[in-house]
Every structure is written in structure tokens, then in C-alpha cells.
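Below are two complexes that have subunit A in common, paired first with subunit B and then with subunit C.
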Partner chain A sequence: MIEFVLAFAFIIISIFFAGIFRKFIARMHNRVGPPIIQPFYDLIKLFSKKTTKYKNPIFHAVPYASIITSIVIIILISSAFVGTDSLFDFDYNFLVLGYLFILVDTFYIFGAVASRSPFAIQSSMRELLLMLGYELSFMMVLSIFFAKTGIVSLADFDVEFAFVQAPVASILLVLIGFVIVRITPFDVVNAETELSAGFFAEYYGKDLALLEIAEFIKDLAFGLMAGLLLFGKVFALPAALGFVFFYALMQATSPRYCTFRTAKIFLIIAILAFIDLFLLV
Partner chain B sequence: MSIKKSPWVSFFNAGGCNGCTLEVLACTNPRYDVSRFGIEIKASAKHADVLVVTGIVNKQNKSRLLNIYEQLAEPKRVVAIGACALTGGIYKDSHAHAGPVDKIIPVTVFVPGCPPRPESIIKGILEALK
Partner chain C sequence: MHKTCLFPIGPQHPSLKEPLFLKLYVDGTTVKDAVFDLGYAHRGVEEKLEGKQVDTALHAVQRTCGICSQCHTMAFLRTVEGFAEVEIPDRVALQRVIVAELERIHSHLLWAGVMMHELGLDTLFMYFMREREKILDVFDELTGNRVHHSSDLVGTSKRTFSEENLQFALSTLDSIKENLISYRKTVDSHDVIRDRCIGKGLITKKDAKTFGLVGPVARACNINNDVRVNSPYMGYKMLKLNSIMRTEGDAHARTLVRLDEVFESMNLVEQACNQIPKGSVVPKYPVKRIAQGYGVGASEAPRGENFHFVKVVNGKTARVKLRTPTLANLIMFPEAVKGADITDVPVIVMSLDPCISCMERVAVVKDGKSEVWTSHELFKGEKK
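And now, the complex of A and B:
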């Protein structure tokens, strides 16, 4: 039961983290920026907006599917902090976690195609192209961490500063985070200036609010997971805040690579991850 | 109440000299920083609460303006910015002029000036939320 309470706390924290991310970016631009609780105001407004029904049922099902998947992700992450008493403590649950991260993006692609927006479809084409590189390397990097430490479930992962044992995998994990959290230079999927709002171009009101929450949860889940793997359980939350700062710095200071260059870089990352995994075997 | 704390703005340049466009973009820079009011410029009109229109509406852009206005979710607010959007300005007698913005879509707030200063644009957007 504790993991559900912890997951609820993480959901609230994830919305605060989104506010902190905006504040960091604003301060780096020498701006005052929105208040930290601004994402709450945004969500309240979006829930209060009138939403009309679109004829495609998949379009309206996608926000619910993606938020449920994100909640399952954060519950799985919470189970790592609860320990072996957790309901979700089973062997190789980190692989399930990897699949769930892929599943959220897959739902976005369904929603984008159902919306028939040219921007959203372009976004999903880019996501499918990048998936070949980053999703595969994400699973391999997760496997490297667990293989190097000899642990089979998230709850048992009590190694601190594992990045010393797996330095290459740690760097690759941070790079993969750029695509998962959608940060420049690798945010070609949600490139605002080119693709309007990417996957979410046709969504508004309550549907958009649900998708935004799903994104916030996914971002925090990635930060917590990376913090857990790299620095250990005790430092996972401060490390997640550190990742928010690092990604905000990159977002504020770096330009965006083109799609094919990003795809090439992630192909190289996949090859490096494969070599790292192969050397273990 | 909720909309006052988080007004999302979509921006449409219907024609003209681009002077007002630059002043609208100046609102986001560190000197004026509209984001401290929760205002965000959104690329998709579907996400926006306020539509900011600048420039004369020429005949080619009239249907596009109507299309974008229809994409806004209810409740909609429109802020017309600059002399051209209000009356046609120096392009008033042009053959391409399709009429001031309020003849095409309902306008909530008018911000006069050629171009108006960023302070007046921010005031106009905040006035539209009342």
C-alpha cells in the first residue's frame, strides 16, 4: 500500500518539478519566469475548458491510456523505494519499466495518427525513426546496470554510485534522457517552432491536461530511475532535481539537431550500448 | 479565475509591415517577460485562450483568420493590435484590404498604436481576461 501513497506524492512532485524546470530556464534567460505553481494553474484552466467530442474514439482514449501507463510507471518506481515488501516487486521488473516507457510514446503515436493533423503525423514519423535507436539502447542500458550489479529487481537495487561500475552506460542513459524528456539538442519529436505542438497539436481542454500530467509523470519517473541507477536510493530524488537543472541548462543553451543527425547519433548510441552489453557477456 | 492565472496566447499576423509582430515578440524578452503573468505563446491555436491579431487583414488571409478563430476552444478572446488591425492604417485604401479585424471576427480588446509598445500589448491581453 505504501507504494500507492508514495506514487501519489511523486505525481504531485512531478507537477512541481515541471514548474521548477520552467523557473530554471527563465532564470538562465535572465527572466523572472512563471511561479513554480504555474503548472497547477495551467491544469486547472485546461480542466475547466469546454471540450467537444471528436469523431475518432481512439483520439479521446489516448490521453486516458497514456496517463494510466504513466501512473503504473511511477508505481513501479515507487516500489523500488518501498523494498521487497512491495506488491510490484518481481524479478526483471526493470524490463517491464522499459516497455512501459515505450508504451506511452506508442499511445502518443496512435493519438497523433487519429488526429490527422499534419504536424502530429510528422511528429509520430520522427518518433518512429528515433525509436529504432533510443528505445533499443534504453533497454540495453537498463540491462547493463542490472547485469553489472547482479540484481534482478528494482526493489533489490541497493547499490550506491553505480555509475562508477558502469560509466559508459551512465553517459548513454543521460543521453537517452534527452529524447525521453524531450530536451534540445534531441527534441526533434516535439520541436515547437517547426511542428506546432507535435503529438498534442489537436488536443485541448481536459484531454490536453491529462496528456500534460502524463508527460510530467514520465519526466519525473525517468529522473528518479536515472537517479536510482546512477546514485542509489537515498540520492534518487535530489539526483532527479539535479537532472531537472541539467536538462534546463541544455534546453536554454543548445540548438536543435535535425532529425537525421539525431537518428545517426542514436544509432551510434545503440551500437555503443550493444558493445558495452556484449563485453559483459 | 483560472484563465487569469494562465492565459495562453496564439498569435496571427494577418498582413502588413511586421512592426507589430516584432513588438509582440518583444513581450517575451527578459525586459518585459510576459511569462511572469503565466502568459505563454502557444504554437497551436487549439491550445490558446487569447488570439492576438496584428496587421491589416488582406483578402488572402481573411479565410485563414476565420479558420484559426474557429479552432480556438471556448471561451475565446481576441486582441487586435496596431493601427492596421483597428482601421487599416496606412493600407486602408489598398485593393488587398479586406476590412478591419472587428468586421471579420468579434474583438474583445483593441490596442492602438503604430506600433503599440510592449507594455500596452501586455495590458491589452490582461484586460481581455477580465
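And now, the complex of A and C:
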């Protein structure tokens, strides 16, 4: 039961983290920026709007599928903090976690194609291209951490500063985070100046609010997971906040690579992850 | 055989700062063909300038563009003062140049900021805008207006720039120079910016000549068509000017040409401030009435040659034709994006620095019959 309470707290924290991210970027831009609770105001506004049903049913199902998957992700992450008493503590649950991250993006692709917007379709094409590189490397990097420590579930992962044991995998995990959290220079999937809102181009109102919450949760979940793997349970939440600042810094200081250059870089990352895993085996 | 599909950019899109409908026909992510649809910001500028007294027309000409207001003023005054044989004092000529060069700086800084936004580097966008804001403060100090300066009249200016005004301008330029040097260094050396810009939107020297391109776009292809150099006017006759040229012809070259022009314009402002005759004032009264005449004149706007034709009959303008630099460069837009990846299209279009609202024109050839065009037909550019 505790993991559900913890997951709820994480969901609220994820929205605050989105506000902190915006505020930090604004300060980098030499702006005052919005208040930290601005994402709450945005969500309240979006929920208050009417949503007209006029598209493919898949289009309307995707926001619900995405938010449910994101909530399952955050519950799984919470189970790591609860310990072995958790309902969600089972062997190799880190692999399930990895697949759930990819599943959220897959739902976005379904929604994008169902919307028939040229921007969303271009966005989904880019996501599919990048998935070839980052999906496999993400799973391999997760496996490296657990293989090196000999642990098989998130709840048992009580190693502190594991990045010392797996330095290459740690760097690769942070790089993969750029695509998962959609940060420059690898945010080609929702490049605003080319694709407008990318996947979400046709979404508005409640559907968009659900998708935004799913994104906030996914971002925090990645930060918590990376914090847990790199620094241990005690430092996971501060590390997640640290990742918010790090990614905001990168977002503010780096321009965007083009699609094919990003795909090439992630192919190299996949090869490095494979070599690291191969050497371990 | 591959089929192409339509990828629309505009009329409203985050990569566009003015309404323009760019229809890209893409095969996968490669642009096979491009069509530009205009008409969303048509204001009928030339029609509005007809039948006005010269000083009233000047007032309207200054409002053709919000970025190169002074350059329109200078082209119009060069034409009118040319055929009316009005001599202007050195102080007036240099004051006009100071405002025009400050305008070039503010235009290029605005452009550089937007270009960085297109590349995803919003921090540099904000920093460029911060420096530009200081130039707008200088306009406020010199002319009393931040955007449409409206500082000149036929044969004279509305204000005499005081010593304090000029010192404020020079100290402001000094204060932003160091930052701009570091921004330019970042733009020139940043790996991602180089990766996104080098070789993108390539225009050869031959193409630039064939299509008659103007301004920094042509100068990035090693064509020196700077009106200030080839046909010096007003205060430029008294100043030493170096044309900024590059040979590469791509988006990166166009970026560097504009950023280097900022420093050259700072140099010109400094020269002009130092050469203004001490103690002189501008003539108190403008030339009130110009009965008739016609002529052409050009000025070098931030985007290139700004060409005006003015015909005055019975003290009123019978015809005013404005060819803005974007109108000259527009023909190259579809060619520049053909074969590019969709990712590069906003960067390529922005590197050509379009200014849409002052370029929109409609030509109706009258044959004695009246015609009614709907707004939709105007957008499409053809009558059903």
C-alpha cells in the first residue's frame, strides 16, 4: 500500500519538478520565468476545456493508455523504495520498467499516426528511427547495472554509488536520458521550430493535460531510476533534482542536432553499450 | 516511384515570425519541391502612398517596415531630394547614417536571435534580444521613437542630435561590443551550430547572379552589391566602409556575414559621430512643396538593396514603387530548400532573412473592366 502513497507523492513532485525546470531555464535565459506552480495552473486550464470527439478512437485512447503506463512506471519505481515487502517486487522487474518506458513512447506513436497530422507523423517517424538506437541500448545499460551488482530486482538494489562500478554504463544512461526526457541536442522528436508540438500537435484540453502529466511522471521516473542506479536509494530523489538542473542546463546551452546525426550518435551509443555488456559476460 | 506528400509550414508556425504559407512536397523527410503562398500580410502599401503630398507620403513610407524604417526613409528621400535637387547639410547626412546603421545592428541582432531559436538555442536568442533592447534605447534617446524613428524630413531632420545623445550611443555600443564578440565566437565555433549550418541552403555565386540576389545573402556568395559601396549616398560618401564578404554561400556564411556587419556598422556609427561638425544644427524648416518630378533611388537596408521609384505630379505622389530586398531574394527560397531535410528547412529559410509584411504586393493590370477579388483568391494569387 505504501508504494501507492509514495507514487502519488511522486506524481505531485513530478509536476513541481516541471516547474523548477522551467524556472531554471528562465534564469539561464536572463528571464524571471513562470512561478514554480505554473504547470498546475496549466493543467487546471487544460482540464477545464471541452474536448470534442471527432478523431479516431485510438487518438482518444492514447492519453489514457499513456498516463496509466506512466503511473505503473512510478509505482514500480516506488516499490524500490518500499523494499522487499512491496507487491511489485519481483525478479527482473527492472526489465519490465525499461519496456514500460518504451511503451509510453509507442503509445505516443499510435496517437500521432491516428491524429493524421503531418507534424505528428513526422515526429513518430523520428521516434521510430531513434528507437532503433536508444531502445536496445537502454535495456542493455539497465542489464549492465544489475549484472555488475548481481541483484535481480529494484527493491534489492541497495548499492550506493554504483556509477563507480559501471562508469561507461552510467555515462550512456545519462545520454539516453536526453532522448527519453527530450532535451537538446537530441530532442528532434518534438523540435518545436520544425514540428510545432510534435506528437501532441492535434491534442488539446483534457487529452493534452493527461499527456502532459504522463510526460512529467515519465521524466521524474527516469530521474529517480537513474539516481537509484547511479547513487543509491538514499540519494535518488536529490539526484533526480540534480538531473532536472543538469538537463535544464543542457537544454539552455545546446542547440539541436539534426535527425540523422542524432540517429548516428545513438547507434554509436548502442554499440558501446553492447561492447560494455559483452565484456561483462 | 516515390509519392510526395504535403508538409505545411505556416501560415502560422513556430518557425515563422510573420504569416507565410510554405508548402513542402516531401518524400519521407526530403523536400522534393516547395511553393510559397503569400498574401496573408498584404497591406496595399503602394496604393496607400498614391495621391499624397510628399511629406505625408514620407510619413507612410517610414511605416512600411518595423525593422528597416530608416532605410525606407533614406531611399525615398534620396529619390525625392535627387529629382527636386535639394542639398542636405553634412550633419543631416551623417545623422541619417547613424540611425540607419543602428537599425542594421538591431535588425541583425534580432535576426541572429531568431536564427538561434530555430537551431534550438533559446538562451542565445534571449541574449541577442537583450543586446538589441539596448539599441532600441539608443533610438529612443536619438529620435524619440524606438521602432518607427520618423526622424527625417525632406532636406533636413526633425532633431539635432546633441553631444550627449551621441555619447550615449557610443557608450551603449561599447557596452554591448564585448558580449557580441563572445556570441559571434560561439556561433562560429559551436559544433552543433556548424553541423546544422555548414553546407545547408547552399547558393552558388552563379545562381546568386542569375537570380539577382541582394544584401548579405549575395555577399555570402562573394558578390559585392552593397549600395553603400557601389553608389554611396548621404553620409556614406564621407565614411570609410568595408564590405563583409564570404565565399561559402551556405547558411553558416550568411550568419557570419550578418554578425560581422554588426561590427562594421558599429565602426560606421563611431566614424559618423566623430565627423559630425561641432556646433552645427539641422535646418529648421523642411522643403515644403515639391511640385513635380520623378526618379529612382536605392538604399542598403539590413536585408539588401531597397529600391524606390517616386513620381510626383501636381504636388502629389502619382506612383510610388518599393522593391524591398526580400522581394528580390524571394525567388531563391524554393530553390534553396529543394533537396534539404525537413529538419533543415527552418534554418535555411531563416538564413535568407525574410521580411514578409513589407514585401507583400498585388499587381492588378486594369483593362477598363472592374473586378472583385475575394480574400481567398488573393491568397491563392489567381482568379477562379
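Note that the second predicted complex is superposed on the first by the 280 of 281 C-alpha atoms of A that agree within 3 Å, B and C clash if a C-alpha of one lies under 4 Å from a C-alpha of the other, contacts with A are read in each partner's own complex, and residues count from 1 in each chain.
Here is the rule we go by: a contact is a pair of C-beta atoms (placed from the backbone, for glycine too) under 8 Å apart; a residue touches a chain by one contact, two chains touch by 3 or more.
Since this is a predicted model, take the numbers as computed values, not measurements.
In this superposed model built on subunit A, subunit B and subunit C take up the same space, so to speak, and clash.
Look at A:Asp156: by the touch rule set out above, it reaches neither subunit B nor subunit C. Of the two partner chains placed around the shared chain by superposition, subunit B is the only one that A:Asp42 touches, whereas subunit C remains out of contact. Once the two complexes are laid over each other on the shared chain, residue contacts for A:Arg261 go to subunit C alone; subunit B is not touched. In the superposition on chain A, contact is made by A:Glu202 with subunit B only, not with subunit C.
When the two complexes are overlaid on their common chain A, residue A:Thr184 makes contact with subunit C while staying clear of subunit B.
In the superposed pair of complexes, A:Thr253 makes contact with subunit C only, with no contact to subunit B.
Stretch 41-49 is the one among 41-49, 185-193 or 329-337 where subunit C clashes with subunit B after the superposition on chain A. On subunit A, the patch touched by subunit B and the patch touched by subunit C overlap at residues 29-31, 192-193, 196.
Across the complex, subunit C meets subunit A through its residues 5-8, 13-15, 28-29, 116-123, 126-127, 130, 190, 192-193, 195-196, 341-346. Contact residues on subunit B toward subunit A in their complex (touch as defined above): 2-3, 5-6, 8, 30, 33, 35-36, 38, 42-44, 46-47, 49, 73-75.
On the subunit A side of its complex with subunit C, the touching residues are 25, 28-31, 118, 122, 125, 184-185, 187-188, 191-194, 196, 252-261. Every residue of subunit A that touches subunit B in the complex is listed here, in rising order: 22, 26, 29-35, 38, 41-42, 44-45, 48-51, 119, 192-193, 196-197, 200-205, 208.
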